[in-house]
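Shared chain: chain A. Partners: chain B in the first complex, chain C in the second.
For the complex of A and B:
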């Protein structure tokens, strides 16, 4: 039985191949043979899914309203979907009449007044497929602080004349429908017209609603935000209103998108000289924040990553520091004297297993969370399949890079407590501070998510930003200051720098 | 079988070839050039290293030859472990070189096939089984589980190999460390205090194991701070103190030198014998109630003197020094070393 040991001097056991693959195999063997680490790896998806499900199922959206039998029933949140497929806000006061076929609407705006005039408060003329929320439209309008605009189908916006409106400096607005296209014009005197834009509204029905509108978004800052019952409204004063074409000839007022709870002052007055239209709300894309928004970003389903990420960081750091603690690092470096390669192998193995665990966790969390959120009355922002893949795979990659960063910190500090604490302080805490609460100002939260590796969670950002929508765009609502991959690059830069320092120290220090 | 029982295995048929490396059979194509050119030697030249203000190594120079066990002895803190770490490329010396068969350790492509080492038997992840500890080491060298089972059997650990290493006694950890060192079947072995924690049976086993490995032509460096552990094990001694080599000699020569021309005399008439022998110019020391140790005259002359003076004696024999005595003899004149010992004692 001792034949393997007691051999002639010439070694009987020929050395095997000893390349990077063997080093990876060795590190994988190390990882899989410590039960605590395997349990920890399983905890990565379990924590992510479990905590995420808890958050999702405790996020209620909706209101109580009297039901048919008089008792209060829960009414889930709803959000209209625009022609582009995204969630939209569509709430305004509409003074309209049906127009069949091609036609023109013209009006002159002489004033835009409000108790608190918002920069994107708007009033003007609009052609809309019907009075249902989310239907296609094109509008010419004056705004609180952005001059004349032409906007259509919620997300599109183009500027016209500049400067504020007043009785001395009125704005003439006109929309001309021709088939599926609508062209907007503005004019200072109603004689010389400038074309602002021509847009195509696919599938516009033969008979549309044309008329005047007014609406005002609510203040964007959290401190100024008010409840819908005290909504800020805007009043547009219009005259010279006229519809050319096969029109009904009689104006009708509709509060589009009136919510069950009183939505503040809204309505219109017709005087000898014209109209005063008052409304609140907005005709705009839903950006997931602000008083009028009800959409929930997909990233809310991944709130559990907070715990999963901590577990991944602990495993990454311990994978290194356990060897320092026991002096086993000497055995490792004796078996594999190439120190940079040893670190590369450790980082690769820790990263790969973390990626697998996190990918499973995120792939379960998103559909499960969406279902739980819907069950609790939430409206989830629809995203394309490609975006969903980016959110899930991107988040798994964030876990991976974070685990590798923890490995590097383990080498740098050689002590588990220091490495884990540092990793959590730079990766998890800034994200937690920025995302978990709207209390931190957007500026402060944005800086946290620009500088720290937490910036990488921008891979979860799904709501686009729109210049024509004033919103806090706070990380709490899923808005990251950097784009998805720019944010990820911040994490990669941290990880790369830490790996560089780790290799430098590992080579320089006595083991 | 026998290794478990603690009986030294008989030397393998290949004769021990001290001082020169045995010729190697090269019929099998070697996998790497560096491996083929490897000689079973450790050459340490002029190593110097400071830890802060404290010099740990101060011109350490010695060579470990194949086919023998070289004892690396000295008090704790003399620089034995630091030297071993430098040889293994773990610590960088401030000056000097350490070569394995002519190559720095960190340039070896298959390090465990060149040098097997055991620095710290406690360097284990406690929650990992002993077998899995050997397995990751084997995988790093491209070796498989079969090789792991071979060294486990050789180290006599088969029965306990599935247990967690954290539950191992120090003696079992030493055996596990030895099994790890043997994974690559290396021609050079370097063991730091391998006798620590072994029970008497384990010590006998370890001695036999080391002797049989040396008999195969391997170069073996074994450190110890206790000379008695190396008795009947080491062929060669490198004695160190304060980071430098005090003595570098064959054990047989050391013992012969320490024994010198001394004679042990057993007599009931101790004082008469002392007088007569001293008069004849001998140096006489009473080393027991009826035992004298004499030097300076031959045993024939001593017997003649005692007979002439009618002094009765029961035994006259050539004195054979123990390794311990040889060590003391060797270090007696080393003021520097004594100072080192005192420094150690003060710490």
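For the complex of A and C:
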């Protein structure tokens, strides 16, 4: 016992039943016998599901178009799905001809021009299963600022020659198909070729479309988008185009995935010396933000969690502060003098019941919300079963850690209002500021979501980042700076620190 | 009423937390406003940022402290049992609530002025260095400018109304922890729902009826036509919420045993 600190009388005799199980039982009895808390615990899943369903059913996606009988019918949103199963963006201008069996396409790029050349603007040669959006492809391309690249099946990217393209320093690009494999080559002079990569496109049909393409993503910052005022396109100037193994030999132009709203120039010109192909859009994975994105992340179905979280925080804090208010804490600490153990039992009981309620709420919210979103024309980003489990269980764990944080804050402040406000201010407000105001720069918003417990909501992030897609990846679009479990660790660290301080104060202070 | 006011003023003045919560309101508002103001950039003409709103971002945090102060004004009476003494001394229950509202409102308005003035001054000093220049279409932030003065004065009124809303909720539920939970949920629910709602019309309606989203419209100084709700109409929505909460609180106070 610490000398110099006056503590109240604490019986030295060990009571008959002081096992941890006994403590848990007594805390559970305290919890379940207060009617308001039971109602509150039921509100956790009810709020989460109810508001989630409201949001899901008020998210209309699609457009109105004239139907067969002339009346307006709503057309749901669509998003192409790539060979890998993920949502993709597939919009470009394609100058192509069919190639049956094995074949080769070669072209020389002499210029890449645009009113605003984007780093990932691209033009070059491509072999694609067909002209439908989302079909398998492999492409060799010249980019705005990343040199020559070989990209395939939307998510894959590998570098070739570096440096910008110009008439003085052209880039020769070549793709060779052999069965299911496509090999990309680049060259500075058309004589000495370097192999960039060999890729396998599973299930590539016998007859594929081979040709030249150009496309430009839109600027990632609102500033440049506003300055341009219309969709930014890129023009690739190509010559020495040749296809070996072509059936017809006549070039045909197709605007793949052109959306009428996007507008912007697209097309091609054939001159004596070569081609000028102009296009806008991108051939890339959908990252859930930016002009080309149409997919809705799964986390949208869990929008109701904020109300549920506030209810869980109120119950967690009151579970402790009510003891102080009623003087019950003295009985509790007399019955079980191990103060750290009392707090551990309280935290365990509060955490367990919150986890149960939140898990039920999330497990209902996600499938229900997905159904409602689909009914309203939305395309939901497909995720693996493992990811879906991570989103649901992770969110329930966020509830649990938040409730335990509220328990600890309740001990620290001994006042319900202060504990509840502190918990909400550190969990909800940083998230709110980071995601709801695009005013905050990505750096500032990212720091908020690294430092505060709100970081834990990263467990809901499902869209991966790709270096070859230039997107702001702002928390506004659902991108968290930390990975799912690193973000959750931030919340755990706050909860752990609060528990430590709570035990320290509980042992030191008079009850 | 004079005695009631005097009694409430004495209680508020002598409660240990009051002064710290008032300082906290001003301090946190200025601190958050300063951080956001210092970190923002306006890179091009018409970058869509509202300089008055940017420098007054701290109100988002300040209002939480105001809420705590207001729910404690009523909640502490119930948690300490003081309410029975109060009501024995002043049997007219509406008078008690009205006196609390006046005293609380006065204190919060004073703290609000202390919170808002430095925020706007800081905005005026820092923002021109961050791209909010005449070249990008922003005159320097000054209280002499009508809309900026309205935003600043309105933000003070906003805090006052949040205090009344919180007092009403606390009188209705009689528990500080539950009351502050309800107040913060009410404030943040609407913008969070609006953020996720995919439908623009639903979004707009949510922002028009939410106490925080509508009330914060008082800070808009640019693009007024494209906002979901006008500045004074928005503050009016918050005032309606506050009135509703006070009426509900008054009703509970009148009808239920203390």
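The rule is short, and it goes like this: the second predicted complex is superposed on the first by the 473 of 511 C-alpha atoms of A that agree within 3 Å, B and C clash if a C-alpha of one lies under 4 Å from a C-alpha of the other, contacts with A are read in each partner's own complex, and residues count from 1 in each chain.
Just so it is clear, a contact is a pair of C-beta atoms (placed from the backbone, for glycine too) under 8 Å apart; a residue touches a chain by one contact, two chains touch by 3 or more.
On a predicted model such as this, the values are computed, not experimentally measured, just so you know.
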Note to self: If we overlay the two complexes on their shared chain A, which of chain B and chain C does A:54 touch? Say first, second, both or neither.
What the structure shows: second
Next item on the list: Scan A:71 for contacts with chain B and chain C and give back first, second, both or neither.
Entry: neither
Next item on the list: Name the contact category of A:271: first (chain B only), second (chain C only), both, or neither.
Entry: neither
Next item on the list: Report for A:162: first if it touches chain B alone, second if chain C alone, otherwise both or neither.
Entry: neither
Next item on the list: Have a look at where A:441 lands relative to chain B and chain C in the superposition and call it first, second, both or neither.
Entry: second
Next item on the list: Name the contact category of A:327: first (chain B only), second (chain C only), both, or neither.
Entry: first
Check: A:29 contacts which: chain B (first), chain C (second), both, neither?
Finding: first
Margin query: Going by the contact definition given at the top, which residues of chain A touch chain B in one complex and chain C in the other?
Written below: none
Item checked: In the complex, chain C residues that touch chain A -> 36, 39-41, 43-44, 46-49, 53-54, 57, 60-61, 64-65, 67-68, 71-72, 75, 79, 175-181, 184-185, 188-189, 191-193, 195-199, 202
Note to self: Please output the residues of chain A touching chain B within their complex, sorted ascending.
What the structure shows: 1-19, 22-23, 25-27, 29-30, 33-36, 322-323, 326-328, 330-338, 510-511
Margin query: Taking the touch rule as given, give the residues of chain B at its contact with chain A in the complex, in rising order.
Written below: 1-3, 9, 12, 14, 21-22, 24-25, 28, 30-32, 35, 40, 66-67, 85, 88-92, 105-113, 117, 119-120, 122-129, 132, 135-137, 139-144, 147, 150-151, 153-154, 180, 182, 184-187, 212-213, 216-218
Next item on the list: Please name which positions on chain A make contact with chain C in the complex.
Entry: 51, 54-55, 58-61, 221-223, 226-227, 296, 300, 303, 306-307, 310-311, 313-314, 317-318, 321, 325, 376, 378, 415-421, 424-425, 428-429, 432-433, 435-437, 439-441, 443-444
